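Please go over the structures that come below.
In what comes next, chain A is part of two complexes: it sits with chain B in the first one and with chain C in the second one.
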Partner chain A sequence: MSDEGDLGAVAAKGRTRGIVARHAGILVALVAAWEISCRMGWLDPLFFPYPSAILLGFWRLYITQGNIWPHLGLTMLEVLVGFLAGSALGIALAVCVGMSDRLRRYLKPYVVVLEATPRIAIGPVIIAAFGFGWTSKTAIVMLVCFFAPFVNTLNGIVGVEPEKQSMFRSMGASKVQTFTKLLWPSALPEISAGLRLAMASALGGALVAEFIASNAGLGVLITQYTGTLNMASAFVCVLTLSALGYFIFRGMEELDRIVVFWSDGDRTDAMSRRRKAAWRAKMGTTS
Partner chain B sequence: MADRGDRRDMSVIRAEALRKTFGGGAVVAVDDADFTVREGEFISLVGPSGCGKSTLLRMVAGLLDRSAGTLSIHGRDVTGPNPAVAMMFQKPTLLDWRTAIENVLLPSEIGGRVTDDDRRKAMGLLRLAGLEDFAFSFPSQLSGGMQQRVALARLLQTGADILLLDEPFGALDEFTREHLNVELMRIVGEVGATTLFVTHNIGEAIFLADRVFVMTPRPGRIAGIVEVPFERPRRPSLQQSAEFNALVSKVRATFETETTAGEDA
Partner chain C sequence: MRRILTATALGALVAMPAMAQDTTTINAVMPKQRSANYFPLIVGEALGYFEEEGIEVNLLPSDTPIPFVNFLRNGQADIAMLDSAEVLQAIAAGVDLNVIYEVMQTAPDGIAISGDSSITDVEELAGETVGLVSDRDRVTMQIALDARGMTEDDVTTVVVGEAGPTLAAAFRDQTVAAIAGSGPDWLAIQANGIPVKLITPEEVSNKPGNTFAVMASTLEEKGDAIEGYLRAWSKGMYVAEVDPEVVAQIARTAVPEEWEDPEFGQQYLNNAIRLNVSVTETLGGLNTETWSAIQPGMQKFGLIDEQVEPDRFLQPGPVEAANDFDRAEVEEEVAAWREANM
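And then the complex of A and B:
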């Protein structure tokens, strides 16, 4: 058993090293192709700056001028606050609707219509109402982050097997017990998936909101740099957003693995050992 | 369960002209069922798919309102779920995010604070189900048969003295099912519960039961009640005996007369 584990670990390490090497190779080749295309005149460096120029741009924006920081911070703040508020609202409302059949029947048509409406269409209205500052951007991110958690939470709660609900009823469980011990944990995998979807659109929502009208944020920075044809700096902002999106995505994946531990074999094993140790500590080894 | 001896001859479940229709009377799921179940008795309810076995059980569990007739448990009218009654469902109902022991403890949690006595009882029931070594495994780490044994332990943790089992091992392979049936008989015998066991397998129904209720479909009714005289403990080899096969024929005959009678009408 442990032999197998060691072999598996060694093989996995070898595989990881191979994958890293391969991706590094692909990246270098792509960047080199880009640089060469610019130098050969196949790509117009006016719109697609030299990779070397972008690299210098990073140095300028982050270190020597340091002017990207406040914009980056603002966009991140909008994304974070909007995401937390929007998804919390979506989940809370879905819980209310999910627990009440009547509310569900009444609200269903409105939800369908709202879901079919592109959320960003209301963006200009929100900006008109809340102004050019960060509140309106946060409100737009909230709006963008509301629906996926709402719909997924509702589906998760409504989709719990009737047998399990009957089991709770036959045990005399209260509504609160049924919710905390059955409905909520059953819905967690879908809620987590909804949060990932919301997070994925949060960044885009914030940017579009900043494009519409704003005085600060990465979206504004991109518009300004593009407007003055400072493409290298614009690309620095875009790549910054790529990195931000990547880390957010990975973070959400990690959160999913922790919260929904039972859908992952290794995590389930680890949790099983932990629960066993906790029981032993409490009850002694004999029982 | 302490006063078991005193109530030996009392009927625990009593149904008269019990009836359940769905869709405003369009589907008669259970029609005119009359039966009593005595303290500590093991009843098998056998019948083809769709004859109303689950419906009957859900009414006894207080999960489904009846359309007509009377139904009482321990002499009291059934109006809803009753702590004296616990039901095991046709589909698996373990909670994936709980270990086996935590699943078994669920009824205690719902009943109030979990005490160390509850925990010891739960571990004892898992031991009784042969799963002591898997107490901290999650459902995804257990086989289908083990999962149903956990569900059985959870059923017993409720402390109910009436157990309703709706094809508890129906989704398992024949070997596992046969093995678990023997285990079930042993465990139920040990705790001395009154049991209503649903199946569509005639042999299984007879092997387990003191009496077999034979149900026929459309409308679902109890067509006959067959006494099973074999002594306990029973061994699987019993199923090869001539007496056993005679009983199987008798149950089958109940189906056939009922079906032809239905066709004549």
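And then the complex of A and C:
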């Protein structure tokens, strides 16, 4: 059993290395093709700067000048605070709406209308209402992060089979017990998917806020660099955002695997094996 | 040890009045973030002129379509940088607005063409396509055409956008015959080796570019702080006359993003100095005649419904206070800063 496990782990590690190598190969080929296209004049450096210039830009912005750090920190903070506040509000409201038919009837149309309104159009109104500071930027990110958790939580709660709810009722479960033992666990996979979507959109929300009115942040830096046609440095900021978005998304996926473990077959199997082993150890038996 | 303690105690005593002085925050709404384009602000901050006045500047850069006057009215901003059209429209709408300082006494607006273009004058644009950096630049084009006896119907217009690369490509590829915009729009393009020529008629430039405006009520409540703000701004402006290299050095530190290409940074600053340094003897002086002269044109192009007497909104009091500083003292401070930092 132990040998099989080791062999499996080695094979998995090998597969991961293979995937990483393949992706690295594709990336290097793409970057090389880009560089050659720029040098041959097939790509306009005004819109697509030389990858070598972007590489130097990374060195400049992150190491020699180091001016990207405070902007990056601020954008990440806006994303984090806006995401936490927006998704908490979305989930909380969805729980209330999901538990009450009357509230659902009254509130849902307004939420849908708000969802259909383009965020970029609401941005200036929020700035006018909340001012130029931290509050308005967080409010924009909150708004962006509100809908996906709201809709998914609501769907998750409303979508629980009525038979299960009847069974809970017939067994005399209280409202709180029905919520904590049935509705919440059933809705959790959908809530988690909503949170992943919200996190992915949060970055866009923060950028919108920074484009509209801000003294700092990656959005401001991009505006400054494109305004001065310093496209290599602008690309450094854009690629930083892409990397940030990617790692945030992967982080959320990992969190999802841990928290909502029962939605992942492999993880459920692994957990069953662990519990089985623990049980056997406790009972003093071996396989 | 005793000496150190005595020196520390004396230092603390000397510093106490400065620490005890209350700091007033001035919320200033402007179109951009801290930039060499507003060098009096970054110079004033670097040399401590705002601090001396007991002021902390909370810059509110805004790229929203909401008129800046609204931020003055709702109290989010104490002072706003407005162009002449915004001022006159606000006055026409009955806003109790006071223009207290002319930040840029000549407008940066203009009509630019590619350096390779055969066009030499605005009148040759008849039948051509003219690009507008934004729809706000339509009036610049209208005034320029009107100066040559033409109207908007004589050309085709298209908004090319404010994005640097798009604008640069429009110049380089000559997808439009000319572009109406303002100095900073094509400065980056020139600095990146794409030749640009200006064919701006005098009538376009002959108007205040940007002004500082406040609500009358704010002037009553925060008059001293507003005057201190303007005085610090004037000192910052004066530094460019005394030693432009010091301004460049301060800008390099305050806005390194604009200096990654040093040639661009210097050209950008030179243009900003040209626009920001007052042409009148009084820094930020209000030119009543110009404010009267621009109104018929604005009325003609529908920007304002009726003309108003400049006395109704020009408030010269703060300008006097803004110029009430010892120029020799500033010169000494600049020399000392140079000695310590360059």
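Simple rule for what comes next: the second predicted complex is superposed on the first by the 253 of 287 C-alpha atoms of A that agree within 3 Å, B and C clash if a C-alpha of one lies under 4 Å from a C-alpha of the other, contacts with A are read in each partner's own complex, and residues count from 1 in each chain.
The working rule: contacts are C-beta pairs under 8 Å (C-beta built on N, C-alpha and C of every residue); 3 or more make two chains touch, one makes a residue touch a chain.
Here the structure is a predicted model, which is why all the values come from computation and not from measurement.
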{"item": "First (chain B), second (chain C), both or neither touched by A:167", "value": "first"}
{"item": "Chain B versus chain C as contact partner of A:230, first or second or both or neither", "value": "second"}
{"item": "A:266 touches, of chain B and chain C: first, second, both or neither?", "value": "neither"}
{"item": "Partner chain(s) touched by A:283 [first = chain B, second = chain C, both, neither]", "value": "first"}
{"item": "Overlapping contact positions on chain A, where the chain C interface meets the chain B interface", "value": "none"}
{"item": "Chain A residues within the chain B interface of the complex", "value": "161, 163-164, 166-173, 177, 181-182, 185-186, 188, 261-262, 265, 268-269, 271-273, 275-276, 279, 283, 287"}
{"item": "Partner chain C, residues of chain A touching it in the complex", "value": "44, 46-47, 60, 65, 67, 123-124, 127-128, 131-132, 211-216, 220-221, 223-231, 233"}
{"item": "Chain C residues touching chain A - in the complex, by the definition given at the top", "value": "27, 29, 33-35, 59-66, 70-71, 74, 76, 162-165, 168-169, 172, 184, 188-189, 191-192, 256-258, 260-261, 264, 268"}
{"item": "Touching residues on chain B, where the partner in the complex is chain A", "value": "58, 61-63, 81, 83, 85-87, 89-91, 93, 95-97, 99, 101-102, 106-107, 109-111, 116, 119-120, 123, 135-138, 140-141, 158"}
